[in-house]
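Have a look at these structures, which come just after this line.
Next come two complexes, and both contain chain A; in the first it sits with chain B, in the second with chain C.
This part shows the complex of A and B:
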């Protein structure tokens, strides 16, 4: 196997490997500073930051043996200049010195950094990128202590609205061209270019054109400085005030892996999380708006219709009592349970199990598919995150839910805005007793006779099966009225959460929603109705599903966490192993 | 209303010939921009868009290329664009004096165009003719060397008559001529 010596240590690599030297160094847990390189895109080597010293051993042309020096060591012929490691291909016997073992390399990197910083403004204190800025971090680690540049910096345009979602501060740009390459190679919209090349250069869309790529905000994530910022998130929160929780995108069926960034129990922004099997480093812009659903217009406390069409808030006890009484005054044959592709596997399972035990056998769901909206990349026709999951649980797909509703007296609906998305009309539910377990205010919630608020994906640990049959799970990111970060080991604590008290002015009690996971509501209902069933947390429910439903065989939260999701689809499984 | 631009049949033939020279379309951007500038006198955004459509390239790419070169006019210029060199050698030999003389004579500042649309003046960086300083270039074409005020008067008059100055061949000074001095 070919070998390479990096900082005096021997490593082996595969013959014909297409990884560049930089990626190899990073993969082996070492570090070389860089800005323009990105593992999913081509390497133009234009930031010149990843300089290393590279040499190859001298071989005797006749014998093919390595030439040895007087100490018996291989003689090395050094490349005449420093090489950018991102574009250097590894060769057998290559010797590499990074900044760790070569003063010369450290000096070269420092000088490159000094040039990169020449026109960069010193506005870190008000820059959104501060705290997660490769330029800031690497300047501290490898950069010069001060600037020797005493003349006026080049001024460039600021606050340019490149598109509906991206704002440019051209002065901060170091022209790494990551954003340009993203639109050329990943989203293929070719909307950006570098204009006015020279010392006044910056990325820009063609004149009169907007940067309205449906993936435009990925450029904000990959921008190694604060040049491209999210118009929506700009100046809203500092990175170090927030805490970061892994989750899944719920705005379509792809199951894009994301991070929820929370502060004071509000989701401040959503960014993509790397998963090579699903979304690589990217996510569509639409998914980033979902944070508003988690914070705003939430159903809080149960509501019940008492006089005519007016709902009023009620207690949890009364809600469960009404739920049970309504069921008991009818028979199981009068009940339709509408599962939801928008809710998790665990929620759908808990509902099905309880009502099944009571004798109901009418379980339906309405898929939420809008033909033609998918793009073959990360946006799917399927508008819901868990269509495959509901199907696998045994809910029957119904394309005419309205006529199903006609033949029943009680309709129990789970987290699905059926009226808002046109599956049912208000008249369909007239004369029926409708019960909705849901997360957000909507027309469906206004119409229902009993509304029970349940936790959203940002508040519970639960799993979702994407269009390709991959099951992935969320972690709770926001507290509800009944959960506590310091007691729930699944929850992260940010700095403010950890060191604050409930009486601090950065703790807002109103940000905690009065809601409970659907399975806990089912627990209470089953208890009240004398059914012998109870559910633990999402983790335990998944164990139960794995033990009873062959489609979910061997699925567990541990495996999902370790393998970044599990493919449930047997045909895909074979492909994966082949 | 944005003006619409179209290439003539001859232009399109020429562009096809340009494209045939390269294995890919991208390198045809520069010569095609020249074709466009020759036809329309400038490469304002609508013209850049036309070039992009004609070549089947992203508009952003053509825009990026066009902004790199000062020789492409991203806005309308006069019929004659006087690029006066103001970099070191010319500066020392009176480049700014020539520039200001022109500005006073034509009543415009560098970067502006006369009202009759005949002249634009630009102060430009080195045009590589330091030996004949001070000098200027007219509309990306003829160099006028060893400028003096009288020479500028003459050049402006002849341009007003629609005559471009002749190309001046400035040979290397011969050794004996130098020695004779």
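This part shows the complex of A and C:
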């Protein structure tokens, strides 16, 4: 196997390896500072930060053997100039010095840093990027102590609204062209280019055009400085005030891996999380807006219709009691359970199990597909995150839910805005007793006779099966009224030294929603009705599913976590529809 | 050799009126070399490459690389398109020679480019002319049309199966588009950002296909080599840098202009005899020999120096484009250097950090010194910055910006110090 020596240590690499020296160094847990390089895009080598010193061993032309010096060491021919490691291809026997073992390299990196910073506004205290800023980090680690720049900085435009979702501060731009390359190579909208020359240049959309690329906000993530900012998130929170929790995008069927950023029980923003099998480093802008659903317009405390069409809030006890009494005054054959592609595997499973035990056998769901909205990349025709999951659990797909409803007396619906999305009308539910377990205010919730608020993906650990049959899971990122952070081991605790104090990130009581996981509600209902059911947390429910449903064989939270999701039906892989 | 320049008969811009008219050009032996190589069996493409390599036409665009050797780097034809890109961007300050060819002898260049195309089995030639040369672009279009009408461009030249296309493209006012890979980007309709090398244009050039880039004057020398042989060419001028050269002499001389003479003419002959001496009888102070990026030489460094790569290297400078800028005793070197730095600051494409930021910083410090506000330590900072820029960028513009600063300060340090404020810092 070919070998390479980096800072005196020997490494092996695959023949024909083409990831480039910088990536190889990073993959081996070492560091070389860089800005313009991005593993998913071409390398323009324009920041000149990733310099290393490189040499190759001299071979004897006749014998093909390495030439040795007087100490018996291989003779090395050094490249006359330092090389940018991002564009250096590895060769067998190559010798590399990074800043750790070469003064010259450390000096060159410091020189570049000094130059990058001369025209930089250095307004970290008011810059959104501060705290997660590669420029800030590299400056601390590799930059010069002060600056010798005593002349006037170049001024450039600030607060430019590049498009509906992205705002540019051109002065902070270090011209790495990551944003431009993103629109050229990844989203292929070609909407950005660099305008002007030299130290006056910055990225721009064509005159009269907007940067409205449906993936525009990825440029905010990959911009190595605070030049591109999210118009929505700007100035809302400092990075270090937030907690970062892994989750899954629920706005379509792709199962894009994301992070939820929470502060004080509010989700402040959503960013993509790398998963090479699903979404690489990217996510659609639409998925980022979903954070509002987690904070606003939440159903909080159960509600019930007492007189005519007017709903009023009620206690949990009363809600469960009403639920049970309604069921008991009818028979199982009068009940239709509508599962949801918008809810998790565990929620759908819990509903099905309880009502099945009680004797119901009418389990339906309405797919939420909008033909033609997919783009073959990360946006799918499927508007729901778990269509495959509900199907695999045994809910029957129905394309005419209204007539199914006609033949029943009690309709139990899980997290699906069926009236809002036109699957049912208000009239369809007239004369029926309708029960909705859901997360957000909507017309469907207004119409239901009994509304029970359940946790959303930001509040529970649960799994979702994407359009390609990959099961992935969420973690709780915000507390409900009933979450105990120190007991819920799935939950990020934030800074322990602040736990329970006024400086904790979770102090405001109003930000906690009065809701419970659907399976806990099922526990209470089953208990009230004398059924032998007791669900644990999502993790245990998944164990139960894995043990009983062959489609989920061997699935567990451990595996999902270690393997970043599991493909359930590799043979029957269904591509996202274009 | 150095002194026989007076008897030299120009070959690039000979003293023949109306050579830009194609009939006149043909009457004077034009397109014979092209016909010869394309038609005669003995002139295989390899033979043309070897002849040109043997002649040692060193690139006239600034870097001085042997043209034939460059042509030999082209990979074997694979049936796909291959390109020749002719560099007529001519933007280095002090350089104004290629326009003479466009104006007075366009067909010589066209013929040279066509021979090059034959030698490298090229399918399309582009000539890239700076946008400011609007009339010359028009002249070139006319000349190409004339050549096409006569059957020298297009399908099946002289009834053989060699076909070639030839197009003109105008630049849009950026110096950087003269850098060869930036020119390729510009030809592709993109922003003129120089490319990272490798891959080199011979491997991946225009639209990812094999491409060779040559300067206009370089190509204009090719027909002569084919007509008269490599030895004829090698016997003109300096041994290591042979052939006729278009010297563009500007600045404080009595008769500025473009002069065609052999390479290796003594610098002082060019100033005093060809350009008829320093204006107003003033004393010579300095010379920038080959365009603004080449290091300035003081008058006392010019003794015995001639205009060829070896002699100029020994003297501490470079041949560049042979655009000689002559400065008299009244010249303010601080001003000169500031103006040069202003140019490179203005023209940096901004792609790489050391050049984007460094060129501006250089200029700003020089402006401060020029305004009498500089300090001695600023001079050392300037020198430091040149080392932070040189050799650390994608293209050579950063080097071109750094060299004048380093050499002008080192060679005229007194003048710079005199402009600085007396240091207020205590001496440790």
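The criterion applied here is as follows: the second predicted complex is superposed on the first by the 559 of 578 C-alpha atoms of A that agree within 3 Å, B and C clash if a C-alpha of one lies under 4 Å from a C-alpha of the other, contacts with A are read in each partner's own complex, and residues count from 1 in each chain.
Here, a contact is a pair of C-beta atoms (placed from the backbone, for glycine too) under 8 Å apart; a residue touches a chain by one contact, two chains touch by 3 or more.
What you see is a predicted model; the values in this text were computed from it and never measured.
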item: Chain C versus chain B on the shared chain A, clash or fit after superposition; value: clash
item: First, second, both or neither for A:214, with chain B first and chain C second; value: neither
item: Per-residue touch tally on chain A - higher for chain B or for chain C; value: C
item: Partner chain in contact with A:82 - chain B first, chain C second, else both or neither; value: second
item: Touching partner for A:121 - first (chain B), second (chain C), both, neither; value: neither
item: Partner chain in contact with A:154 - chain B first, chain C second, else both or neither; value: second
item: Touched partner set for A:394, first chain B, second chain C, both or neither; value: neither
item: Touching partner for A:367 - first (chain B), second (chain C), both, neither; value: neither
item: First (chain B), second (chain C), both or neither touched by A:199; value: second
item: Contacts of A:2 with chain B and chain C, given as first, second, both or neither; value: neither
item: Partner chain(s) touched by A:39 [first = chain B, second = chain C, both, neither]; value: neither
item: Part of chain B, among the options 22-30, 76-84 or 148-156, whose backbone runs into chain C after overlay; value: 22-30
item: Contact residues of chain A, present in both the chain B and the chain C interface; value: 193-194, 196-198
item: Chain A - residues contacting chain C, complex; value: 43-49, 51, 81-82, 87, 108, 111-112, 114-116, 118-119, 148-149, 151-152, 154, 174-175, 177, 193-194, 196-201
item: Complex contact set, residues of chain C against chain A; value: 174, 176, 191, 193, 196, 345-361, 364-365, 367-368, 381, 388, 391-394
item: In the complex, chain B residues that touch chain A; value: 45, 48-49, 52, 58-64, 67-68
item: Chain B-facing residues of chain A, complex; value: 183-184, 190-198, 204-209
